[in-house]
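The chains carry the letters A, B, C and D, assigned in the order they are written, with residues numbered from 1 in each.
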Amino acid sequence: MTSIFVGSDLSYAVKQRTSFLFQVAAATTPHQRVRREVMHASSGARVEECAHGELDNRMYRVVSDPGDFALSYRAEIELSAEVVDPNELDEIEHPSLPAAVLPFLNPSRYCESDRLMRFAYEEFSTVAPGYSRVKAICDWTYSHLDYTLGSTGPTTTACDVILNRTGVCRDYAHVAIALCRAIGIPARYVAGYAVKLDPPDFHGFFEAFLGQRWFLFDATRLAPVGGLVRIGTGRDAADVSFATLIGSAALRSMRIWAVDADPDDELLREPNTAAAISTA
Amino acid sequence: MTSIFVGSDLSYAVKQRTSFLFQVAAATTPHQRVRREVMHASSGARVEECAHGELDNRMYRVVSDPGDFALSYRAEIELSAEVVDPNELDEIEHPSLPAAVLPFLNPSRYCESDRLMRFAYEEFSTVAPGYSRVKAICDWTYSHLDYTLGSTGPTTTACDVILNRTGVCRDYAHVAIALCRAIGIPARYVAGYAVKLDPPDFHGFFEAFLGQRWFLFDATRLAPVGGLVRIGTGRDAADVSFATLIGSAALRSMRIWAVDADPDDELLREPNTAAAISTA
Amino acid sequence: MTSIFVGSDLSYAVKQRTSFLFQVAAATTPHQRVRREVMHASSGARVEECAHGELDNRMYRVVSDPGDFALSYRAEIELSAEVVDPNELDEIEHPSLPAAVLPFLNPSRYCESDRLMRFAYEEFSTVAPGYSRVKAICDWTYSHLDYTLGSTGPTTTACDVILNRTGVCRDYAHVAIALCRAIGIPARYVAGYAVKLDPPDFHGFFEAFLGQRWFLFDATRLAPVGGLVRIGTGRDAADVSFATLIGSAALRSMRIWAVDADPDDELLREPNTAAAISTA
Amino acid sequence: MTSIFVGSDLSYAVKQRTSFLFQVAAATTPHQRVRREVMHASSGARVEECAHGELDNRMYRVVSDPGDFALSYRAEIELSAEVVDPNELDEIEHPSLPAAVLPFLNPSRYCESDRLMRFAYEEFSTVAPGYSRVKAICDWTYSHLDYTLGSTGPTTTACDVILNRTGVCRDYAHVAIALCRAIGIPARYVAGYAVKLDPPDFHGFFEAFLGQRWFLFDATRLAPVGGLVRIGTGRDAADVSFATLIGSAALRSMRIWAVDADPDDELLREPNTAAAISTA
């Protein structure tokens, strides 16, 4: 059991009346508990919470008039990750996959798995199925891409990144997800906070479905997966954008943090751990 | 209330053991009732039915050994479409949209609305919001594309089609969906059977969310929307492919039909009707 | 006859030994004469001039060691544009086109005319052929795009821009060129200096082949075509980049100007003139 | 010195008056001589020969009225390929490249080298420069793609193929050209006839500029480069399409052949030879 303090302060200059949809609050799952939290919007704007069913993403809607607008979120999260021996994690044959995970085999906006079938087959069909295959996909992604801030944009897709060979965390996740799906492993995008991420920011990572459960992976190796606090889950980054704006507003500043209460926790020690970790 | 007989006979030459996932059975919704139906697989193969939660898509899974494989489905469907005066159908402002429809504003694999924001704004921002705006998007799609069988493939996207100006029903739906989302109207893909479609085939059309409900549209004008029998609903065609194959099998023949019991039914008389119809 | 003073000062911080290829010097054509010019490189670097045959592009090559590097060019140019009545300018039927212009019907990196055949046909086949058709293509480009600095990048293509509806001068030229080629009119990219361009910068425009000669067009309407001083000509911007770098250097500052000697010159008075102007 | 008999019979059903541009006749270069040739068009249609300057591509223009139209070409070609020790072939540093080859470093429609800079650098920067690097690019292309007729179309690009991992000869050439340019080696597309190609067809291969001359490569390994008879040369396949049609006509049949007079000729013995061969 790990306790992690997360938070984000977002500040905007609103030019015209703007409707915001924020996904910054930590999710509740069987392995992630929100012990306490505060969400605060400046200037008395009314914040409405809603959730999107299947994936339990918590969303906050606020409408702001022109002027300054700030949103602050802070929470204490209790993580009780399930740690599993990777060798026990098989891939599930298609006919045995739970119906609920089937959509995560479909291509999505930023993960064009339908264009990468041969690619995935040629690169990964000879790797042992199961956890090791997802690991091989993460390793391929890690070693073929350069992590470069600003090298990609909001419409960049996995195929773009495989060609350009550079990206940021969301791009790493998209590439790995697309390759997993192309080889037949359900995979989905997770947005969250990450302990030890430097510089601190929101983080994008992914889950693959192995042995009847979703397991966490981070192809960037920038943060220990044991310290990832889930905000939301989706087909790809399109589903869990931290802020969606209808109107006109400019982001002025942004501060994000994730700090573990116990610096000696083993699960939080280093990125790219050998253990299989599930928090879903 | 309309009664429609639908069915499909699919036949495959299976080369290696193949896992099939079929989406050919009619859905059950408040406005669509399956009065009777038969699903039959050749050679005693066990057909397992499963459903994908949120969108109530019924899926059939079959594993077939090498040899001939055939699936037959026939059903009698009762449709009680809700017919509404289009003038009453407003667009819902973003902050008032139900959380469940928000994902249908996101871009998806074949509907890259995130690349079409300005496009949609320039072409449709001056049209009156509501039903008339979705109609304008359908009209634009209809008048700018040529319906040409074989002109597109399984990886063709809305952006491809907007440039190439040609496609089939799924492409028309993808273009209209992408433009709706880009202008702020939730939209989703619907696969189904269609009375009066000539030649008979599975059909792809779409729904837009207006006035707190999903309404049917068919930018192809090939069949009356009152005679559309829903198989399934999704972000785009990726979610409701009539057959997904893992293994090796070739489609040998395919026969699809949709016949209305009452040839005088007004709702089934012609494509491109002026009434707003909802069956979801 | 018009006299125009043009120039550019480019300054770089060279990190590693870098090979530069500059295309900033004015071309010599039957209608454009370089009366005097100076090219100066800082720090005694040897500047080698070379030219690329068919299109008479003058290129300067310099190798610079790490440190500061600056290139200065200034010239006095004499333009004697041929002004023609647009009504006399027909399109040439394909079998009568000179062999030398045929490559300018082919698609190129940033002008994917092969993907825009139906698009061009649907939008422009009913417009009277000749100068009026190219004008209609310019008008379409002008009215459908927003001129937004920074909205596109070096790999942005005409198809991207037609979807995104925004770009800068090179993008406007690429769109117009692609549409011209798609409808059967040879078109090529021209890079140059432009009188009255505000803010001053290098400019990208294009030429279409009509009535046995190349005529100038500027879909941006940002500068009078009579005041365009050609640097070079190519299939698209890839051929006439003002600076190509092999090595590692950062552009530190850039100053460009084009000033006409006679402020009363009619040809330089306003963008989007009705006269057809040729300088090739 | 090798003697090769080449020819092509093309037959069309012309629906509307159609203007054809054929590139099927063998080129003349210092190493390739057309000893005799016959070009014959059915029905007395006048065939006009023209050539496109810089690259010496011979083109034939014919206008045909509706009805049947056939073009026959046959020729005896004398090849005196220059065979060089690959170890002597260095890459030329950018500042020393002849100006005439510089355009072949630029990206083109089907060879988007500008999107593949990092890709090429990561995969090939550690390979010894010169012939061995181009060979490594050919080997990569050969081993990562599946040769599958019909898997690609006329608008397929190198980037598409690198993702899809399948293509035909023109796609292999485009991939290799794009990677060469991205790593700094000028490369261009060559269309031609190929001895021992099975089934016989027009062939697409490429040349890279090494040691002050263009050398032939064929990443498909389908035919010995010593038996390649050049039709034309270009930036990519867009420049040397064997037939361009303006009008409406359907290809009805097509027969192509290339037979060597001396079956013992060493240069024609097998694909993927170790010798460096130049015919330009």
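We adopt the following convention: a contact is a pair of C-beta atoms (placed from the backbone, for glycine too) under 8 Å apart; a residue touches a chain by one contact, two chains touch by 3 or more.
All values reported here derive from a predicted model rather than from experimental measurement.
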Practice item. Based on which chains touch which, give the shortest step count from chain B to chain D. Key: 2
Review point. Taking shared residue numbers divided by all residue numbers at the interface, is the value for chain C and chain D over half (same) or under half (different)?
Key: same
Practice item. Averaged over CA atoms, how far is the centre of chain B from the centre of chain C? Could you give it in whole Å? Key: 46
Exercise for review: Let me have the rounded angstrom distance from the C-alpha centre of chain A over to the C-alpha centre of chain B, please.
Suggested key: 30
Review point. So, what's the distance in Å between the C-alpha centres of chain C and chain A?
Key: 44
**Study point:** Residues of chain B engaged with two or more neighbouring chains
**Key:** 115
Study note, to complete from the structure: Pairs of chains in contact here are A-B, A-D, B-C, C-D
**Study point:** chain B-facing residues of chain C, complex
**Key:** 115-116, 118-119, 122, 144, 146, 159, 162-166
Check your understanding: Hey, which residues of chain B end up touching chain A in the complex?
Key -> 19, 21, 48, 50-54, 59, 61, 63, 93-95, 99-100, 102-103, 106-109, 111-112, 114-115, 154-155, 184, 234-235, 238-239, 246
